[in-house]
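Letters A, B, C and D name the chains as they come in the text, with residue numbers starting at 1 for each one.
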Amino acid sequence: MTTPDELARASAEAMWSGDAASKALGMRLVSVGPGTASLSMTVREDMINGWDLCHGGLIASLADSAFAFACNSHGTVTVASGFDVTLLESARLGDELLAVAVERARRGRSGLYDVTVTRSSDDTVIAEFRGRSRSTGDPIPG
Amino acid sequence: MTTPDELARASAEAMWSGDAASKALGMRLVSVGPGTASLSMTVREDMINGWDLCHGGLIASLADSAFAFACNSHGTVTVASGFDVTLLESARLGDELLAVAVERARRGRSGLYDVTVTRSSDDTVIAEFRGRSRSTGDPIPG
Amino acid sequence: MTTPDELARASAEAMWSGDAASKALGMRLVSVGPGTASLSMTVREDMINGWDLCHGGLIASLADSAFAFACNSHGTVTVASGFDVTLLESARLGDELLAVAVERARRGRSGLYDVTVTRSSDDTVIAEFRGRSRSTGDPIPG
Amino acid sequence: MTTPDELARASAEAMWSGDAASKALGMRLVSVGPGTASLSMTVREDMINGWDLCHGGLIASLADSAFAFACNSHGTVTVASGFDVTLLESARLGDELLAVAVERARRGRSGLYDVTVTRSSDDTVIAEFRGRSRSTGDPIPG
């Protein structure tokens, strides 16, 4: 019998293998479990905007990836229907960012996930993200 | 004397020159004006997620860039404090996406901008984005 | 045959008759059409918060009611799954507020509606609200 | 010397005395502390909408009040600049709702607060609310 932890890991492996976007952004899958996932990303030169700061959309992309792994951890194909992000601090070239996603609620096919993005060097919270998911009902192909 | 249109263009040029992130994602600055900006981006192979769809965070990144150019168009350095995005349709490899940002409100140093992301081939709305900005009060260096 | 306008009016009548909350807050249904609705409310003494301003939740309630009439205007029972509101200006005792809801998108059973709340005396925008709806699929009882 | 707890209680007393709106909705101030507040409200007949459910705007109003007491607990007049709410479950006539607000972040004059609204009888989460605050910098009059 598959445990919830095994299911989360199998789902993450299936997703990660095809996730060219997260890989191209240099993200690393740190951990995954039932309703949760952690990913990290280091701010590169090609992530800097016109004000010498990390592009806010890319901080949101890191959080969105953590959200995706968390909401798919139950073994059912689940997509984002939207999210809200509050940008609390700027991130800069070389900063390592860690996004930790946790499940707040699931009701029928809808889910709500909170993702906190911190700077690893000093644990400063960079962004708070809240994602809304919708399950398709289809099992994740193994 | 500088017109609002000239100011918007000068601000966009100053931002664009340093915006490595938007360039690395292949974005093109289509137009800019007082309180508005349009950018396009074509979905590449390195933007695809584990479900063979464009990563939602990158759709948000395109909208976030359009928002940034719109909220900086008045000549004052302005940063995003957050945004909400609703993902209405998936985007796929090869889709050309167009993000059009318009100003909804400015009050003191705060601003609110709506960005609609459409697929250029058929004008389908892919995402609706609402950005919250905060001006620093500093003029954009020329 | 029922026109979309007739359907919107019939749906609004069915909802309004049971909407004790909107009536208790003194709301008036100004107009309704396919995907749109306008409601007004005057700020009363029992709507004032500790800073002598209209309680933000009640401004959101007015917008939420306009959103509800708009998203139910197609004749199918539809409920709010959430909303985001930006409070741009304070409202004060005696202010008449007008909320105008318009449909931004509908996809399957999901919908997105924008509501702008203005002060009637000078058309100042008080709040911008964005509502997310979910249809049950059941027809509104006549 | 005033402790943070005493400051939170003094701020809450000053706000509550003038908060006609929260009182008119039958809210009760359960507790308050530095960065946190709990309020309860029972769903009355005049809070029911056209679908025999508690009006979503009034659930948001309860959360908004808890948010207001939490973000003013540090002794500085602070107002809401906006909020997002996800409505997870319906509330019905007679339900007692409890809103618990906690501080997620404060940066300069900006703050972020999460409010969870539960039904007291069975601890079901009814709504998740996230509020954005802005301090005026003025001390709360004693």
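Just so it is clear, a contact is a pair of C-beta atoms (placed from the backbone, for glycine too) under 8 Å apart; a residue touches a chain by one contact, two chains touch by 3 or more.
Note that the coordinates shown come from a computational prediction; the quantities given were computed from them, not determined experimentally.
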Of B-D and B-C, the pair joined by more C-beta contact pairs is B-C
Furthest chain, CA centroid comparison against chain C: A
Compute the distance, rounded to whole Å, between the mean C-alpha positions of chain B and chain D. 34
Chain B and chain C: spacing of chain centres that average the CA atoms, whole Å: 29
Spell out, as numbers or ranges, the residues of chain C touching 2 or more other chains. 81-82, 84, 86, 110, 132
Take each protein chain as a node, join two nodes whenever their chains touch, and name the resulting shape: line, ring, star, complete or other. complete
Within the complex, chain D is touched by chain B residues 81-82, 84, 110, 132
In their complex, what parts of chain C are in touch with chain B? 84, 86, 88-89, 104-105, 107, 110, 112, 125, 128, 130, 132
Partner chain C, residues of chain D touching it in the complex: 14-24, 45-58, 60-65, 68, 77, 79-87, 90
